[in-house]
Amino acid sequence: MNYSAFLQLHDELSLLAVIVIILIYDIFASEKGARYIQPLSIVLLTVHTVLNAFPRADFEVAGGMYQYYPMLTYIKTILNAGTIILFLQADKWLRDDSVIIRRGEFYFLTLCTLLGLYLMMSAGHFLLFFIGIETASIPMATLVAFNKYNHKSAEAGAKFILSTVFASGISLYGISMIYGAAGTLYFDDLALLITNSPIYIMAMVFFAIGLFFKISLVPFHLWTPDVYEGAPTGITGYLSVVSKGSAVFVLFTIFTKVFANLTAEWQPILYGLIVISITLANIFAIRQKNIKRFMAYSSISQAGYLLLGVISASATGMSSLVYYILVYLFSNLAIFGVISVIEHRTGKVNINDYNGLYQTNPRLSAVMMFALFSLAGIPPFAGFFSKFFIFAAATEQGYYVLVFIALINTVISLYYYLLIVKAMFLNKSDQPVERITTDLPARISLVLCLIMIVFAGLLSSIYQQISALSFI
Amino acid sequence: MEYTLFILILPLLSFVVLGLMDTKWKPRVAGTIGTLVLGTVAALSYYTAWEYFSSANINGVYQKITAFEVVWLKFNDILHINLGILLDPISVMMLVVISTVSLMVHIYSLGYMKGEKGFERYYAFLSLFTFSMLGLVVATNIFQMYIFWELVGVSSYLLIGFYYTKPEAVAASKKAFIVTRFADLGFLIGILILSFYTKTFDFGILTSGDANVFASISGATFMGASVLSWAMALIFIGGAGKSAMFPLHIWLPDAMEGPTPVSALIHAATMVVAGVYMVARLFPVYYVYTPEVLHGIAYVGAFTSLFAATIAVVQTDIKRVLAFSTISQIGFMMVALGVSGLGGQEGTGYMASMFHLFTHAMFKALLFLGAGSIIHAVHSNEMNQMGGLRKYMPVTHWTFLIACLAIAGIPPFSGFFSKDEILAATMHFSPVLGMTMSFIAGLTAFYMFRLYYNIFWGKEHKVQHGRTPHESPFAMLFPLILLATVTVFAGLIPFGEFVSSDGAPYHIHLDPVIATVSVLIAVTGIVLATILYRKENAMPAKMASAFSGLHKAASNRFYIDEVYMFVTKKIIFKRISTPIAWFDRHVIDATMNGMASVTQWTSARTRFLQSGKVQHYAFAILLGALIITALAIFI
Amino acid sequence: MNFLSIFVLIPILMLVAMYFARKRSQINIIAALGGTALLIMSGILTWMYFGERAAGNEDIMLFRADMLWYEAFNIHYSVGVDGVSVAMLLLTSVIVFTGVFASWRIDPLPREFFLWFWLLSAGVYGFFITIDLFSMFMFYEIALIPMYLLIGIWGTGKKEYSAMKLTLMLMGGSALLLVSILGIYYFAGGDTMNLLEIAQRNIPVEAQRYLFPLAFMGFGVLGALFPFHTWSPDGHASAPTAVSMLHAGVLMKLGGYGAFRVAMYLMPEAAHEQAWIFLILTGISVIYGAFSAVVQTDLKYINAYSSVSHCGLVLFAILMMNETAMTGAVMQMLSHGLMTALFFALIGMIYGRTHTRLITEMGGLMKIMPFLGVSYVIAGMASLGLPGLSGFVAEMTIFVGAFQETDTFHRVLTIVAASSIVITAVYILRVVGKILYGKIQDPHHAELNDATWWERVSVVTLIIAVVALGSVPFWISDMIQNSLMPVVNKLMAAI
Amino acid sequence: MAEQIIFYILAAIVIVFSVMAVTSKRLIRSATYLLFVLLSTAGLYLLLDYHYLFAVQTAVYAGGIMVLFIFAILLTQKPGERITSEPLTQRIMAIVLSVGGLALCGLIIFQDVKKVYHYVTDVEIPVKELGITLMGSGKYQYILPFEAISVLLLACIVGAIMIARKR
Amino acid sequence: MGSLFANFSSGIVPLEAYIFVSLVMFFAGIYGFLSRKNLLMVLISIELILNSADINFAAFNRYLYPEHFEGFFFTLFTIAISACETAVAIAIVINIYRNLNNVEVDSLQELQEPELQDTKEQ
């Protein structure tokens, strides 16, 4: 029993250390000292991120139960960055009287879910994978219900936990079928054993439901708008980017690694899912009045685009997928940053409330607009590049029609993104949102997002780095 | 003879300078500049004519001299538009005509337009017109001709619409432009066809008689006629538009809304003969390759001539009478060209046409200027506002009379000679046609003297608008006198020595029979007019009621305008444009909007999918899972 | 970085400068400087281009520069110009320059207006100088999106609807385009995005059959190809003056330029196969736009439909696929760009005074504002193809070129298209007659002023350009013609 | 043979009470039926010679989870209250879907699952071996999930407390 | 199904029997989830779903792959996970109860698609 191999698990260990420090600090800190838990968490997470931002060589631990390859470093760094930005944006909210008492738990639980995502992504075995995904989901329910005296938040928490457990129940049943058919749950072994007999297909589909649910593809998306609307805005952002991004990445690795022999089966499945996800989400997004609900549908359709990277199942697909996650993360978080600033100050979350925002808050609306443009794929913002690459990856595999459908949907999505731009810039309002002085952490987060939105595309080195490490 | 370039450049410069300066200069300065420039141009033209006719005759044939030529726009290695100056007998003759009439009009306008608002603009436009017209006649190639053709059209548009606050003037200018534009489309297509097969625009090559040029086109046919016929017919449509041949003549009477000197210059003497000139220019092609088109031209000309003369008899607006007379006379020229042969006596028609063009320009300008002088005095265009003016305006009266005699074809005035040649040629070609033309000549004499008597004789309207009519200032009289002099003597020019169908000079001789008959017919016309109109009597009204149907139809110009109005307003506006615009808004646009609406509709109708109940969500998840499984396995 | 990149850098520099500018006067002066600089630069470029060609440089593209950008997709920032691009750059410069002056008194938010304005220009310039499919597409989209805000904020009428419609339709077009670009990239071997290199390869004909219509329609949407033109009337009608100018003047040219540069150049076989479909569509555009313009009562609608007609002629000529017609197409782009910009500038100025664009509510304006009136007439004359002004040269080149195609189908279409010149005359004269001539309709109009100096700068520049192009066309037509040869040769070889 | 009989009895209990648990009108009865199901499942584990699993199932489910349920039921329900089901149509839909799903999955599984297996009876797994497997770091050894689940447990405890306590 | 009877008579409890039990349990759970209004009932159904997978794991491990303990441990860990999940879920249900004073699913409908008043917007 040689446990020293586990020391190689830098990422998880250091994150665990952060979690433990925060937990202990939260428990033992004095009333006064508790104030510092916010900067402490942010600093610790930043240190953790920086320390683990350098790719290493491939390795396996525990007989392949934990696998490492350099791309994981990137995706984890991206998720870390997202979490840091989330922490920065949530800072103000966490100082509210209603939640200040639980802020220690907020950091702790969020980091736990992050650790769960780590495990999920690094897993080389379905058991570890399942534990990872559950670690990411179950505490997430408590985060969603974090504003527990708020009916909406409580309701969203309940809906989330019920549907997530339902989905993971199906997923678990699928895993049991895989086990029953193949006799092992190690990814590397499974890759050789899986054939295209019906039981494997059924097992794969059942298993994938759990991920589809997290990615919130149509028709597994129905929880998304309700939960996004009800959850605290920071958590909504987290759900929409960090949780979703890692799930897509895992879907890619598992589908291409474990179910490589079933490629001919899962590609059509994804094809259909992409089409209906993007289309239906777009159709629903058009009618939304609540901006968080709106962002939910936006994120569903973005998930469809993300899956274009998965369906191409190539090195290009992987790199463009990771890059897309990166860009999507920063764009979406910028929007959620602005939403949370405004929501926190005025409690307004309807799109109509954004009318005339530019008159009073030009900078916030500018950031929002750039982020929306980035999501819609307008150059020179990063979203254009990420979209182009992911489309290129899909066309490389011959998915012309799919890309075409996706592009037509891009136009629809542009429509509803422009609705918000229109609200902010074009519509006049008698009572626009008052002038808001953004607090420093949120401002830092927005600036960070903005920098990435503008430069992540123009500077090719980011993509080149990712591309150099992608593999099938 | 590169100096000929200045004939073009000077008016252009004058236009640009006057146009840019606009109201910055005093009217007098602008007028002076314009007139001086035109004087120089006229002098240059005369010198050119002198030099050309004295030096270009080599081996008994007048040579075509290209005085100047540059490539203006290269389409490809074969086709390119050149701009240049081609001197040959007819172009030189035209130079003289245009610069003379233009100069006269310039001088005349100094008096006529005095005190008008936009005097500078007027002179600028005159310069532009002169430039364009000169450019047209010296064109070395058909495309250059087309370019200046268009420019002439625009100048005409601008000048007709000179009184732009008058709705009639605006409408008339618009009409003139659009009708000629429509005709020009034919011209353009004709050029396209012709140039495609012959690989050239150049007149020199086209008219050289080289059969190779037309080798590739001769076999081609389209809808039963040879392509070359199509091309030449289409080109003629362009000419018909400018020269107001039926049924494209409708713009010309309305064009009289412009200032009268403009009518004299453009709508009588120069621009309207552009069509004739063009046919003459391409005459060898017409004659050799498409005689059927040439004959068609003759018939169109004859019909137009008759038609216009008939209308002229009943018009009461003096300028309209002159306008229809112009149409009629151009018809004569067209007929002459149409019946002409090539070379020597055979080519009498050609020569006669050019000759008539020349003399007509002079006497018609004189008529118009005289009419202008009258209008200037009376402040009205209507005949019944006039009468007995000969006492008050002696100079105008005499010059007008000379012109009337000339157009009626009374010797020794110039019109007699030219018209006589035309009748001779026509008679030679077809006696029926010749007789028709003779009849028209009589009609011409009749309506001109109807006009003459109505203006200068009959009942006096002494006081008009509180003023007694008085003779015009010298600036206006001078051109009248000068043109009258020319009108008197121009018939004596041995025109055949200079202009002929093949460039070789020949002697014209009068056919005494035809001359006598035609003079008799003319005199009959005059006598008839004298009886009817010299003194006020009831006969004209009786005549009118006797032929009431015809009279009414002729007064209304045979309802051609109404037909046009019907076509434009009812068909183009109501039946084409409005439906298209409607279609665009309600079908195409609605389709595009419809896509958006369908999306939104779907969006609004799909709410039930998102019920808010967690069981429904789970239901969807499971159903999705099962369906995907089933599809993946069983398909 | 090389000389050409300056054309993109100046607008970007302007973006930065605008960000710091505070007062209206500063904004205006900076913008004017930028516009002037661009105009001068394009002049210098033209001169240098002629110099190089005269020195015997036979490369297809001059002033090449190449910078690897995204290695994974072989994306380069690759610039180079030929005669066509130079001509387009000149056009853009003139219109940007005049656009600045036309929006001298833009209100409200002048700073923001110019920010978007310059972003738009950056996109347009970028599009014309790059020869890399990706960068081209990127600049293309950069040029599209500022439209939304420019129209939405500073426009008039149903501006929000129009802005949205315009943006969505153009983006729809670019969606088609993107599929096509990706297809071209992969079918050409997937190792280069450079136009010139792809042109050396042969894309399989089966692939071309799908990619060509996508590309052509994608660009065609911007080039107002029937039936995708409906954004144009609404968009133009609602846009502020300078934006209409830029949009009709330059942006619509992106369509023609792109169709020629990408669709025709890279996929000649399919172009030959499918030309007839698009010829019919463009033929419809030409006639249909002209007829629609006849009955409109809003000045901008008239001009927008006229643009549909004229731009249809551009695509029409491109599809004729011979040297002359294509030269004519480029000339028509220049000509239409200049005169439409002139039109929109004038309409904007008139609207700014009378506050109406309905021709039924105006009349006799010539007397009140002679400068604008005369300029309008000149613009109209250019539009209806008066010799000596730009329209004539372009249209004649197109018709002569189109007539070189010998079969009846092409012939008939050419004649049909040519008949548009008559209809053009009808609607132009109708407008001129209604608004400029005649009696003054509204007594309030009698007190209005003529053009101010900045408006005069803008108008006079455009008129000079129109006259220059129309009266001395040979230098620019030669330049264009020579540059077209590679494309034409490729098309010829594909028969 | 006895084993078979025991299995079928257990299986019958599991199936019957599963169905009753989800159809019962009273909440507390449902919970009781669930308890029966869980205990019978533990019995099945025993039948499979997984004694340790039997113990865990009994302790954790029957002991831990059921208690939570009972508390929650008592907290939220008034005694004797009948709980209602969803409307009939929805229940029919649920039945159709469940039965259809059952048919589909059953078909696939029974068609495809491996038919050849050797069943070794009466071999109890030594707990030491289990311990080594649980604590080992090699292949087929589970220290890593074990550690990972500790984080999950911790997070869930913290989360549940945070939500549940009144503060 | 024929093989089921064959195995039945051969004296060994067939694997299919276990799977059948688990399948029925699974779909019973699903039926419960879909048809019950009470949140606690829904949770009970979820327990059934998770438990059914456990039976599968154990049975597969014992019957087919007895050499390793993969199914065994999966079951073990799943039991722990379902305990966690139940704990959190019940906490949330209690929170709901505190907020809404009942635990009916129908009362969880504040979050749903809003009605649209006007669809006419461009």
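Chains: A, B, C, D and E, in written order; residue numbering restarts at 1 for each.
We take it that contacts are C-beta pairs under 8 Å (C-beta built on N, C-alpha and C of every residue); 3 or more make two chains touch, one makes a residue touch a chain.
Fair warning: this is a prediction, and the values are worked out from it, not measured in the lab.
Of all chains in the assembly, those touching subunit C and also subunit E are A, B. When each chain is reduced to the average of its Cα atoms, B sits farthest from subunit D. Two chains share more touching C-beta pairs than any other pair, namely D-E.
Put simply, the chain closest to the centre of the protein, by Cα centroids, is C. When chain centres are set by their Cα atoms, the one at the greatest distance from subunit A is B. A straight line joining the Cα centres of subunit A and subunit C is 42 Å long. We define each chain's centre as the mean of its Cα atoms; on that basis subunit A and subunit B are separated by 77 Å.
As a whole-number value, the distance joining the C-alpha centres of subunit A and subunit E reads 26 Å. Centre-to-centre separation of subunit B and subunit C, using mean CA positions: 36 Å.
For subunit A, the set of residues that touch two or more other chains comprises 127, 131, 134, 138-139, 141-142, 145, 148, 157-159, 162, 166, 170, 177, 180, 198, 202, 225-226, 284, 287, 415. Counting partners per residue, subunit D has 86, 90, 93-94, 97, 101, 105, 108-109, 113-114, 140, 142, 145, 149, 152, 156, 159-160, 163 as the residues that reach two or more other chains.
Contact of a single residue of subunit B with at least two other chains is seen at positions 593, 596, 600, 603-604, 607, 609-610, 612, 614-615, 618-619, 622-623, 629, 633. Here subunit A touches subunit D in the complex through residues 1-3, 5-6, 16, 19, 23, 61-66, 101-102, 105, 108-109, 112-113, 115-116, 119, 125, 127-128, 131-132, 134-135, 138-139, 141-143, 145, 148, 157, 177, 180-181, 186, 197-199, 202, going by the rule given at the top. Of all residues in subunit B, those touching subunit E in their complex are 593, 596, 600-601, 603-604, 607, 609-615, 618-619, 622. Interface residues of subunit C, counted against subunit A in their complex, comprise 69-73, 75, 134, 137-139, 141-142, 145, 148-149, 152-153, 159-160, 163-164, 167-168, 171-172, 175-176, 178-179, 182-183, 185-186, 190, 210. Within the complex formed with subunit D, the subunit E residues making contact are 1, 3-4, 8, 11-13, 15-21, 23-32, 34-38, 40-41, 43-45, 47-48, 51, 54-55, 58-59, 62-64, 66, 68-70, 72-73, 75-77, 79-88, 90-95, 97-98, 102-103. Interface residues of subunit A, counted against subunit C in their complex, comprise 316, 319, 373, 378-380, 384-385, 388-389, 391-392, 395-396, 400, 403-404, 407-408, 410-411, 414-415, 418, 421-422, 425-426, 460, 463-464, 467.
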